[in-house]
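There are structures below to look over.
The same chain A turns up in both complexes below, where it pairs with chain B and then with chain C.
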Partner chain A sequence: MNRKAITFIGALLITISAVSMAFAFGGGNARKGKFLYRKNCRSCHGKTASDLSPASMVQADWKATFEDVSKIPCNKDWQGLPEKDINDIFTYLHDYAKDSPTPAKCS
Partner chain B sequence: MQNQNKVKLSRRDFFKASGLAAAGISGGGLLGGLTPARAKGATPPPMWESRYSACDMCFNKCGLIARVEKGVVTKLDPNPKFLKSRGMLCARGNAGIAQVYDPDRLKHPLLRKGARGEGKWQRIPWDEAIDMAAQKMQEIRKKHSPCGHLFTAGADLQSQFVGRFAEVYGSYNVTSHESLCLLSGTRGFLDTFGEVPFADLLNSKYVIMAGANRFEALVTPDSIDLMTAMRENGLKLVVLDPRYTKTAALAHEWYPIRPGTDMIFMLALMHVIIDEKLFDRQWIEEKTYGIEQLSEHVKQYTPQYAAQECGVPAEDIARIARELAADAPRSMVYPGRRSSDYENSSQIRRSFALVNGLLGNWDKPGGLLAARAVGLKGVPYDPPWYDENPDDRIDAHAAPALFEHDGSFVLTREAVLKGEPYPIKGWFIYKTNPMVNAPNRKKTIQMMEQMDFVTVVDITMSDTAWMADLVLPSQSYLERQDPCSGLQGSVACACVIKRDPVIDPLYESRPVFNILKDIAGKLELGEYFDFNIPGYRKQQLRDLPDAEAAMDRDGVYYNPSKVYGIYEDRIYKTTSHKIELYNQRYEQMGLDPLPVYTPPQKIPESRFRLVVGRNAYFTHGSTCNNALLHELTPENVLWLNPDAAKILGVRDGETVEVSSSVGRGEIKAKVTEAIRKDTVFMYTGFGPLSKGLSLIQNSGASIAALLEDQHDAISGNAAMHETFVTVTRKVA
Partner chain C sequence: MTINKLPRALGALFVSFMLLAAMPLMASAGESKSFKKFPEIVDYKFVAKYAKVPRPAKSLIIDSRPYKPKYVAGFVPSAVSIPASQFDKMTDQLPKNKSTLLIFYCGGLKCPLSHKSAFKARELGYTNVKVYAKGFPDWKKNALYHSIGLETLKAKMEAGENYMLVDARPLKKFLDGAIPSAISIPERQFSEKRGMLPADKANTEVIYYCGGFKCPLSHKSAIKARYLGYKNVVVAEAGYPGWKELYGVGAGVQAQAGEMEGSIDTEQFLTVLKGNPDQFLFIDVRSPEEYAAGHFPPAINIPVDDLEKRIDEIPTDKPIVFSCASGARAGEAYYMFKDMRPDVKEVFYLEATNEFTEDNQYTVTPNK
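Coming up: the complex of A and B.
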């Protein structure tokens, strides 16, 4: 895993709400997830936190990151975010990951 | 006008710079800046000003220097410091002047007054045009949701603003020109290597070129590097093409392969290479996934079987495989560019990719190269969310591996015509011409006819503009200011370019950026276009502090990034994180994980397979009406083999009628040995409907009228070589 990805995990661990759960994400709305990612993640990432896009990691790493969102440090910044929204964000990040069929481009 | 790109350059300096460039190209050294003042004492200053720009006569974006005299461009020269084009500007690039000063250019906004396509227009002022475009977009958005509007843009430095506008307006429905060109090739290589490679032809020893015509359909630096390597480095070129193209003429070997059988040729190459253990086993085991499955799969594809199908003798297939392997990793199957050929084009191109995987040429000199770091940054924005929208694109799931940002024009059109899963009633088109480039023109006309409002931004009255409601005149590349663009030049360079106006804009033309910005303002989306081009560039260049000055000084910025060995510490962007000889994702999707050969449909008696293409001095519909290039190619003709012509009773130069299941056209026959007996060929771009293209009225036939609209089963790319036609003498 590259340095960006490691930095991201550290930073994302500050982003997601305190919903402690076993991994059950997937099948969300990737388009909505892109909107929510821009709104909730990129307000810091790329500005005050590490640069970030779905292509920062491979699909397996996104799954691992979201296995227990309570361990993601930036969850305090996502207080009150519905589980559905988190799933949409996960779906976007996962479906456009580095090793996805159509990796996301910057911005 | 901005003069950031103005350079003072005497003739002596220019030739000195050219010499330096030549030395730089051959020796690989980095060029210094031009020194305009040095020769001034000895040579009177020139009567013109020289200004850097980048060509826009095709997609290559070659660097140029415009000679400007009293506000008029009088000549376009190559930028000798532009390594991607090896200091070259082709015939089309030279003819850019004729585009700028084309009397057929659109001069002011036009509103349709008669029936669609009737050609009756009313000149309207810009304010009214912007108001109308915004009002219609708003009406469509309210009635059908934002996804009820389609946006289509060609390859252009400002096309990104069309995508940005579509996203903030709220539509997912964006198509590009790419699904009428290269997406199946992109799919095939992406799904093997995890990215689309660039060919290091300059350092290669052996190249098989199939489905590409690099000495006529120019790609920089490939076309130049291929020639250099052949002349100076002993590169051997083998060409497979049903036509005796100029590339075939200059090749060491040419095989007039049966159209649609390239895949079995590639599978047979792999059969020989694996059977005779001519590959680097250690590299394959470390870097690839699925050699066992591939080995088992290609056992059936013997050279003898392939020879029966493709027409290339079995002994030649076996010999070529051995020669290719002997020169590995400095050997390759050239990836090609346009791949919009067959219904299984993604799998055909994957077979190309697999041979390269087996040769172990990835990321190595003379092989296939990964994209180099350019350093240009994206400019983020945060579009709003529209709850009223449907879930997905209109063409979603119509093919299993569509590209989100490009879609499929053919499949989008099908959905629009059916109105399912939802209606699309508005269409904004910038600098692309689906009426000329997309197969089955009748359907494109039907698509136009069921739209409530179509806005086209272009520099001439293209066939697509001809069918629009509102036509807005855009600026040529020599009149406008563009954002920066990062270019990949294979082993030559990774570079950044920009364009500044070299002359004041003509007539009432405006750049599409300004048009979109004005419409966005009317739609209360102005905050998303609250910037100008210089500010946008600053954001793009935020990690490249030296780039702006380099572009002002040299017309180009080079990033001296790593060329080879990029993947030494990197995973492949595939499911296995290796080069996927066996594609696991395809297996999961129910697709063939390895390319399975299916014989192409047999050509019915008395019919021919129609194949299409271009030459080195025009670019499809965008240059047919260019006064300088028109002298070289005044019309298209139908290549017809003499044996076939004899049976048909057709003489060279005689007008024939060509008919397919979807259309017909009249065109002069060129009776030539340079094509197979079962195949006919014609150039793209001619046979227009528009009366606004004065030089090519009643010239040749339209490929769009003749081609049927099959598509590649995986990527949704148009399949433009699946059409059979009849050819008959024209009855007076």
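Coming up: the complex of A and C.
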């Protein structure tokens, strides 16, 4: 493995750990999250991937799922997404979860 | 007046004297040719009987000076603007009944415009034509107040001048929509609420308005304010209807943002919806079925799922407001629109929970 690759992986690891460290998700903009979810995720979810929506999980599961985004199977498909946007998406999914006060009824 | 203002005031007075002294000279230099005077001249007392709102039957006062800057800056109450230069084009503004009393005026004894128009009116067959030869300067000297055009009000607003704008209509009308910066002192509560008028009776200009050219409330209030000692009182006669027509409801007030990013203030949403729905483009982003079961009367339907492909058909000449049932899809639509058409600035959504009945009645509850 050449040095460049090592540096790259190193940087990647740092980024990932930084991201997961800073991961106090929540309190984002659920309205924007709904749009960002449509824009970045709906291209697969509901078509080629599971029809994932806020009501797919309870709030605790959303938290657990987003605890470590790198473990989400499709994470590489949305690598470039800023953390702020991910937080907005999380907020949307979490705040309208199946057991939330205002579960999302329709898309 | 405070002592330290005195020298300045004296200075101003002195300058005015100088101007006054110089004026006849300038005038005679400029207008050496005298013009043909209309034979039937009337004075202030005569005109005052007709300068009333609502306008006394079978009479019309006509301002022959140019609309801008003269008429808008100040005119005899109830007078209409028919500039002498436009007279031939504007004869349709004259009353049908040729025996109607027509009083023409312009900028005073040196001004030929009213005489010119009066002759023309007589040629057209009007039988009761008069000229108020001393014109507007004389009116200002004698009358309690005069009227101004909304253009002048707007200019004062923009210049941040020292005025107080008073809406003389009933409170309910005021709440449904008013000229920006106005306070509400309904004519009927003039005495109870006179404490709201400015403390400085000499310098602060009090501008009244109400429901347009036929509305007497602002005129009544203006006269009362003069009797209270206010020196500088005018009426913006075109009132709120004129303002809406000229500047729209948003002029001076932008759509006010609500608490959430991109959301519109719910109060303002309702005010515009009820009072001036043409001022916004209302887009309901719920499904066609939901829309069919009841919606805001002026709203068009573009389901959020169709928004992306229909985004270019949305006109952007007025502020756009998205709404749905809970705010969720409207918010989504807002961000989608912003994302796809970042050039458009005036876009909002309603962060509220809305219920509709089939006859398009609605309840709007702002989300906390």
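Heads up, the rule we're going with is that the second predicted complex is superposed on the first by the 84 of 107 C-alpha atoms of A that agree within 3 Å, B and C clash if a C-alpha of one lies under 4 Å from a C-alpha of the other, contacts with A are read in each partner's own complex, and residues count from 1 in each chain.
The rule we apply is simple: a residue touches a chain if its C-beta (ideal position, glycine included) is under 8 Å from a C-beta of that chain, and two chains touch if they have at least 3 such contacts.
The structure displayed is predicted, hence computed values, not measured ones.
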{"item": "Combined model on chain A: chain C and chain B, fit or clash", "value": "clash"}
{"item": "Partner chain in contact with A:D99 - chain B first, chain C second, else both or neither", "value": "first"}
{"item": "A:G80 touches, of chain B and chain C: first, second, both or neither?", "value": "neither"}
{"item": "First (chain B), second (chain C), both or neither touched by A:V58", "value": "first"}
{"item": "Which of chain B and chain C A:K32 touches, first, second, both or neither", "value": "both"}
{"item": "Which of chain B and chain C A:R42 touches, first, second, both or neither", "value": "first"}
{"item": "Clashing chain B stretch [against chain C; choices 220-228, 274-282, 436-444 or 454-462]", "value": "454-462"}
{"item": "Overlap of the chain B and chain C footprints on chain A, listed as residue numbers", "value": "29, 31-32, 35, 38-39, 102, 106-107"}
{"item": "Contact footprint of chain B on chain A as seen in their complex", "value": "29, 31-32, 35, 38-39, 42, 46, 58, 98-99, 101-103, 105-107"}
{"item": "Residues of chain C that touch chain A when the two form their complex", "value": "260-262, 287, 304-305, 326-329, 331-336, 339, 349, 351"}
{"item": "Touching residues on chain A, where the partner in the complex is chain C", "value": "29-32, 34-36, 38-39, 96, 102, 104, 106-107"}
{"item": "List of chain B residues in touch with chain A within their complex", "value": "172, 190-191, 194, 377-383, 385, 391-392, 401, 403-405, 571-575, 577, 585"}
